[in-house]
Each structure stands twice: as structure tokens, then as C-alpha cells.
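Some notes on the structure that comes next.
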Amino acid sequence: MRTFRLVIACPDRVGIVAKVSNFLATYNGWITEASHHSDNQNGWFFMRHEIRADSLPFDLAGFRQAFAPIAQEFSMDWRVTDSAQKKRVVLMASRESHCLADLLHRWHSNELDCEIPCVISNHDDLRSMVEWHGIAFEHVPVDPQNKQPAFAEVSRLVEASQADAIVLARYMQILPPQLCQAFAKRVINIHHSFLPSFVGAKPYHQASLRGVKLIGATCHYVTEELDAGPIIEQDVARVTHRDSIEDMVRLGKDVEKRVLARGLRLHLEDRVLVHDNKTVLFD
Amino acid sequence: MRTFRLVIACPDRVGIVAKVSNFLATYNGWITEASHHSDNQNGWFFMRHEIRADSLPFDLAGFRQAFAPIAQEFSMDWRVTDSAQKKRVVLMASRESHCLADLLHRWHSNELDCEIPCVISNHDDLRSMVEWHGIAFEHVPVDPQNKQPAFAEVSRLVEASQADAIVLARYMQILPPQLCQAFAKRVINIHHSFLPSFVGAKPYHQASLRGVKLIGATCHYVTEELDAGPIIEQDVARVTHRDSIEDMVRLGKDVEKRVLARGLRLHLEDRVLVHDNKTVLFD
Amino acid sequence: MRTFRLVIACPDRVGIVAKVSNFLATYNGWITEASHHSDNQNGWFFMRHEIRADSLPFDLAGFRQAFAPIAQEFSMDWRVTDSAQKKRVVLMASRESHCLADLLHRWHSNELDCEIPCVISNHDDLRSMVEWHGIAFEHVPVDPQNKQPAFAEVSRLVEASQADAIVLARYMQILPPQLCQAFAKRVINIHHSFLPSFVGAKPYHQASLRGVKLIGATCHYVTEELDAGPIIEQDVARVTHRDSIEDMVRLGKDVEKRVLARGLRLHLEDRVLVHDNKTVLFD
Amino acid sequence: MRTFRLVIACPDRVGIVAKVSNFLATYNGWITEASHHSDNQNGWFFMRHEIRADSLPFDLAGFRQAFAPIAQEFSMDWRVTDSAQKKRVVLMASRESHCLADLLHRWHSNELDCEIPCVISNHDDLRSMVEWHGIAFEHVPVDPQNKQPAFAEVSRLVEASQADAIVLARYMQILPPQLCQAFAKRVINIHHSFLPSFVGAKPYHQASLRGVKLIGATCHYVTEELDAGPIIEQDVARVTHRDSIEDMVRLGKDVEKRVLARGLRLHLEDRVLVHDNKTVLFD
């Protein structure tokens, strides 16, 4: 069922819901899902509606025009999207295949509702797996002494792909600040620890050294500060003294895969709202 | 903060949200929380609002009068409650103390927002613990040959307590059908298995015999059919071959306690809507 | 590191551990892992050792000959395996690809230590995916009116594959009793419910109808009674009133994948001992 | 059933298990539980046996004398305890009652196998609750300007109690280094975060600020460095954007209670071995 997704964040006050739901009722909009959240601490209001597209008398452009006055009245940060317009997601990976293979299989079996114009990697190892899925594989090696040309090429490929989002599926390079800014709230990373524990390199080694009893993974939007962006999803798995670092790496892969897949799914369905470096999830 | 809680279930159609939110906006109602759910399978709509009581120009009676026409128009099954009017909950237990002690401590430390007019038990063992909390303890022994007098006394006590709800905190007797009917959707039980597995007696023995790797507990509303009422909350704990039945009982207690406490909390805050023997939880 | 795995079950009595560890010490065996379990309820004893192969003066045959007298003395049900001799596992699937794709990826990335001589399916849909992994795909359609020829062919393929185990990765046909018997404790199935709830067909539909708050999956050895064999592993995922049956199916897939992969891994490493239709897991 | 618990840590080498199990078999010791662990990374070996006391020909002193030569031969760090000699555990708390009430109830219902000679608190609030359990309550206020006298009194009470262990059940003062040293590996703390995240004060506030999707609790042995001692047990609970800091505090209490109770239980049963600031848990 094709829906429009109306996503709004604005200062909280009386009458927002009434105004928006009146607007929708006026045009006979059939709401299939509605979620609200008032953040009492910072006085901010968040709202998401899914409305059957065939119940409304206009297309996206018409919707935007009709809704604009309300958005202005309430100083809304808002967007409306069409479920029929799939987001275009560029995947980036390095040598580790588990997250990439997981996302590709979900996409291939119609579980992830998006286009994947290409996969970019700094290694050539995963080419065959990607190409079997009928997706272009772009090998962009990164010269440790001079990374700039590689990221210029990445930026070019992303732009040429008309990408709406970038997913770092265990891509082991740090994106340059310009790319983070250009794709703010649209670059999704999976970090293999339960943030804020074990920021940076080799988190399973850090976890083993500290003797934690649970390991975790964190899906977050990338910001310029390493591993410090808004968290979308996290989960953990139990480990024991019997688990070596290699076991942790293996057990962690399962957590990484499902946390990244859940986070990406929420993003694709416009269920993630970012405010104050935190996320509101309307799942 | 004192709130009114407006809880609605009705056949789904366009315009319900607009009508209700208009109503609230007209009276300047400050919505602190709003939740909706459309069940596409059975065409039913569910809605819950919390509204700051001090933002509205009327009391509960006034609210009810003002809202009645809308409720009628949409054939709503509805209620509005006042967070300042604490529900009166009669607890029932037998010999096992873990659930009762847990609820009493939560109540005593202001985590459970209710009145507890009395605790009824078919044994006298837990009297001292209950009375230390300043709560009346009613010992109503049940004669296995003739249970009727005991349940007549239970009914009398419940009525005298002006109870809004009954919680069976490991009460090991089956309530008679009349009491279940009189308190439909208001008798909450904790069953020590992951229903529908292991209905009836000695579920941990059944679980051990089957060799399951997880044990569970289920909080549900009591209906006339044993362990078959609408499920409010469930959870599980991992067990291994090393765990004897006694270990399962012990590990299960922790699951029972938190599942019952969560379920009761949801009920007290009017967050549970029942339809078709299933629950909608607006948590 | 190559190891021998010595797995023993026998009636419990004093001196078993001493006898076995003396035996190993006599031959200078370097124990890398040792696990014991006394089941006090049925008086049975279970033991598993991993011993560095290069620390012992004999090969498997030599080990068996040397150990046989002890095994006889204690009436042991026992086996010793060599980690360097990979088990041969035939995978069977139907149309659903998630479990098969998951196992194939784990195998391809060296996470599952086995050979996969072939994949057998009653449909041809998954051929390309299997063949990309360099594994033979055998399409054996099952005629609902006359299943015998198909299962004769399956038996022939399994035998020709010199299979040590069969994994039903969402294979939607019931294996005939003879095959179950021939591969007793060596056919691993994934059932898409938290057994013993929702035995048989369409468990997610059953789960939705009952309104459970957690769905699950169960990995078990296949016996002649449907979904009643010894349970190896189980896990659950939370669902809410918002989740349709389709959502349950999707969420359940993730549980099925990891439960089957864990169960198979335990089997491959000789960590599962079966007794009285229950399993002892030395993980 | 009364058992002796033999707990050993020593450098790993061939023959330890054989030697120890021979020793036990020689004296006809009936092993009810045995656990081993070889840490390949640091070459250390850990072992725990439970042996039926009535199967052995000696008492603890006799056991110690007979076993001493073996312990010396293998440079063992070892102990043997008698399950019939209950450990004496001093509980310390401040104003928050949830962990203390939980432990007291478990003790009162015979779930925790220990003596509780007294509860020490820097506030008088929880006196009545403690005394209802028949346990002495010691109010030792701490003067922020001069803490030394208070901790001298705490040390005196602990000594007078002949305590084997101290449990900080949300005791909001930092113990002085001398006490930590005197009770090394015997002071158990519950920290209300998933360490190493959110060390120090107000972890739930820190968690809310960072926008994590899971909160946790950590049970650990106290060392001189704050919140950095060996971790015994951890667990987490899911939170959402709807959960205020107060909600996190409430949800966290349930995690704290069960993590502390599990950790203490493991300690009481001599199931925790400490090495390199990490724990081996034989559960």
C-alpha cells in the first residue's frame, strides 16, 4: 500500500495535533499510522503520520504546497515522502563481508525497501558477491599517505548515484568532514561496541581486556566526531570467560548485522527524527 | 503532574483523530502523550491521550458530558480517568511470597501508583510481611471440599474494598466464573510459563520434562477459560541442562516478578486496551 | 589447532573422571577444554574433552583401541572425533531463502567448520544462490500425491554425499520415518515457533491469533513425532500489537537464522549430547 | 546436600586434572559438579569441584592437609570451603531501598545461602525494613568534612561481625582504600551503568544525555580505582525516547536488583575466580 509519510519536529504548544489532523481530515486522508512525542525536557514536539496516498487528492508537490502554511505557523522542521519513491542507498564496505552480505540478502529478498545503485569498497574482495546481486561494485583503493583522491572519487560516485543515504557496512576508513556534512543525518554507521564504551579501533580487544560480560553493537548517524553521532539502535550479546577475542568477533557479527539492518530499516521508512544529537524512533 | 487519560476503541474510519484532537484543542487541552493504532486486520481503531488536567476547563464529569456526543457519533467504547484518582487494587496470594513482596515494595517506594485496600490469602503465612506495610491482611482459607463459602467471603471483601482491580500474585486457587465475569478485564494473573506452553499446574516441571532452553512467565487478564485470557506481558530467562526444576523455579521467580509488575503498571496507567482476546499496549 | 573430541555419556558413579583424566595424562594429552555434567535426576553422567591432537601418540583408530577397555568398564555411550575431519552436511530448503543464505554465508566466511556436499530443494528457486557458492544444487520436486519417489531420491543423494548430518533450513516437507531413523540425532530442523507452543503449520498465524508478546524459534533434532524431538537451542524476539503477521514473519526470520546457526555450530563441534529426549550442551 | 567446594587457579600444564581427580577418587569423593577453564591467552588454568562432604573421609582441615602437597606441586592459588559454613555478609546501603529490599527478601525466603550479621547505612531511613527481617541495623552517618571516624566505625562493625564479604547495595559513599585492600575480592558493588560506560556519579543522567537505547547495571568487585574492579555480572534493559531520566532510574532498578543478586549468589557459592582484573564464572 502506497503511503505518504509526514514527519514533523517543532516547538511544543497546544493545537499542533488538532491542526495537522484537521488538515488531513479536510482532504479525507486515511491515516494508517500516527505517532507523537512531546519531549518535556526540551519543549520539543515530534510527529509522524502515514497516510494512504490514494485517499489524498494530491501528489507530493501538491501536499507540500497545501501544508506549507501550517508548517510555517508552527515553525516546523518537516518533510513528506512517498513510499513509492524508494531511497537510493550507497553501501560502503571493506574486507569483512557479514554486514554487507546481510544487507544484500535482505534487499534481494525484498525485506529492505530501497535502491542500491552501487557498493563502494577500498578492497576488491567482495566484488563477486556484490555483482551476483546485480549491483555495481566500485573499487576505490585508499592510499594511506594521500586519502584525498580516494574520497574525491567516493564523493563523485555518491553524487553520480543520486544517493539519498550512505551506509558504512564495516567500512574501515573514516569519512572526511565535508562528506559527513553534505550527508548529515544520512550516513549510517555500524560500530562494533556498545557505545559510548570502546570508541575507536579494536573494540572487541578493548572489551576482552576489560572483562565485560556483554558485548554490543551500535548503529548511529555519522558526525564529524568519531563514534559520537546520534544513536539509532543498539543491542548486546552475552559472552563468558570461555570466549576468546575471536569468539567475541564472531558473536559480535550477529549483533552488528541485526542492529545495522534494524537501523537502516527505520531510516528508510522515515521513522528516525534527530534532535540534540539524540534520536526519536517511531517504530 | 495530574492528567486525564482518554482511552478509546472504535471501528476505524477517516476523521476520528481530527474530531478528537479538535475537541481537545477547542478546550485548550495540553496533550502530554498520544498513541494511536489501526488494526488493519479487523478494522478497529485504538487511541489513548494523556491531557494535563489543569489545562482543561472541566472535571471528569464535565469531560464526559462534553465528549459524549463524539463518542456516540463514532460508536466508541471509551473511558476517561483521572490520574489523581488512584485505582484500588486487591492483591491475592498463597504461600509463595516473591510476587507479593515485589509488588508491596514497589508500592511502598511509590513506584506503583495505586491504593492497596487489602491482601487476601488462603494461607496465613504472609500476614506479618503485609502488615509491616500497613496493609490489612485477610486470611480466607479455602476448603477443597467446599470452596463456595471462601469465594463468597472473597467477593464480600473485594466489594467492601471498593476494588477496581484484583491481582493474583501467585494465588494458587482458580477464581469462580462469577468473580471473573464481575471483574472482566480487571483480574490480572501471573502464570509461571510462556503461554500458551505449559497451561495449568506445575509448568516448570512440564518445561523441564520437555527440555526447553528458555523458561517464561505470562501476565494476563483472567477469563473463564484457564490461562487463556488476553496476554498483557511476557518475558523469558535462559536455562541450561545444569538447571534442575528447583533452579527453574528460582530463575522463574525473577521473570514472574518483573512481568507481573510491568503488566500491573500498564493496567494502572490505563495503557491496556482489550479486543478479540488480545491486548493493545500503549506504553 | 587440531583436536580430538572425546564425548561420553554413562551411568554416574565415583571414579569416572579420574579414570578418563588418568588415561589422558598417561598419554600426555593436553586438554584444552573439559566439561562434565551429572544429572542427579536420572543418575546419568556426561563428559566432553578436547585434547590437542599433536600431544597424543596415536591417531583416532589408536585412540579408540586404547580407550575401549575404559569405555566398556563404565558402560559408556561414547565417541571420539577429529576436528580435522570436517563433518559433511547436506542442507535442505524450499523457497524461503533466509536460513539457507545465512548458513551459506557463514560457511563461505569460514565460520561454520563443515563440508556442504550439496543442497537439496523441492523447488528450483535457490539454485543460482547455491551455485554461486560453488555448491551442487539438487532439485528434487515432491509430488503431493506420491512422495515416495522424491524421498527415495533424497535418500540416494544423501547417501551418495556420504553425509554425516542433514539440516532442514526451512524445508517445508516432512521427512519419512525411515530417513529420520537412519539419521537419528543427525537431522537438525529449525521450527519457527517457541516450542512446544505452536506445533505444526503456520506458527506465526497461531502466535498472532493468541496475541503473544514474544515470538520464537526452536532448533531441534528431528524424530518421528512432529516438532517433538530434543531441543538444541531456542530464542525469542519481542512483538507488539503493531506487528502484523507479515511483521512477525520478518522478525522471526532473524531469530530462526541465529538459532539454527547456533544449533548447527554446537552439533558440528560435538557439543550436543542427547539423553531422554533432552540435550546436554557443552558450549 | 552438604558439599566441599575446591577452587583452584594455577599455571596451565599437562596433568593437573588427572592429579586432582585421582586425589578425589582415591578418597572416594563423589563429584557433583566439575568445571575447568584453560585461558590460552595467559596460560592460566582454573578449576572448581563440588564434592559430597559425606563421601569424603575427612573434614575441611583434613582435606586441606591431604591436598596441600598437590597444591604446592602445581603452585596453586586454591581454597576449599564447606557449603554448611555459611558466609557472613555485611550489607551496606544509603537511602535507595530497592537493592537492599531485594536481597533481604531473597535471604528471608532462603534463596541466598548466607548469614547477614548486620546492615550498615549512612542514613536511618531503612531501619524498620531491616529490623522486620530480624537483622541488626547500624546507622553510621558520614560527615562530608571528616569521613575518617565513620569509616573507622564501619571497619569496627565489619570486624565485629566476622564478615566474610561486604555488599554495597547502592551505598553512596566511596570506601577508603584500606578497607578495599583488607577485603580484596570480597567487596561487591552494584554500579548503575553498563561499565565501562558512565563511570562515576549520575550514570542515568549521562545515559540520557548520550541517547543510548539500552541502559545497564554492573556487579563488580571493588578495587581502589573507582568502578574499575573485576566485573562479575552485567545486564541491560531497553529504553526509548519516551523514557525520561526518572523512567530510566525506575527501569534500571530492576536491572540492578537482578544483577546484584546474581553476582552475590555466584560469590556465595565460590563460583567466581579473579585473575588479571577479570573473572572466571563457573555457573
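Here the chain labels run A, B, C and D in written order, and each chain numbers its own residues starting at 1.
Convention: contacts are C-beta pairs under 8 Å (C-beta built on N, C-alpha and C of every residue); 3 or more make two chains touch, one makes a residue touch a chain.
Predicted, not measured: the structure shown is a model, and the values here were computed from it.
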Selected pair, greater C-beta contact count between A-C and C-D: C-D
From subunit A, the most remote chain by mean C-alpha position: D
Distance between chain centroids, defined by C-alpha means - subunit A, subunit C (Å): 36
Multi-chain contact residues (two or more partners), subunit D: 33, 40, 242
Parts of subunit B lying in touch with subunit C, wherever the complex brings them together: 37, 39-41, 46, 194-198, 210-214, 216, 230-236, 240-242, 244, 277-281
Contacting residues of subunit C [partner subunit A, same complex]: 97-98, 101-102, 105, 109, 111, 128, 132, 242, 250, 253-254, 258, 261
Residues of subunit C touching subunit D in the complex: 14-15, 17-19, 21-22, 24-25, 28-36, 38, 40, 55
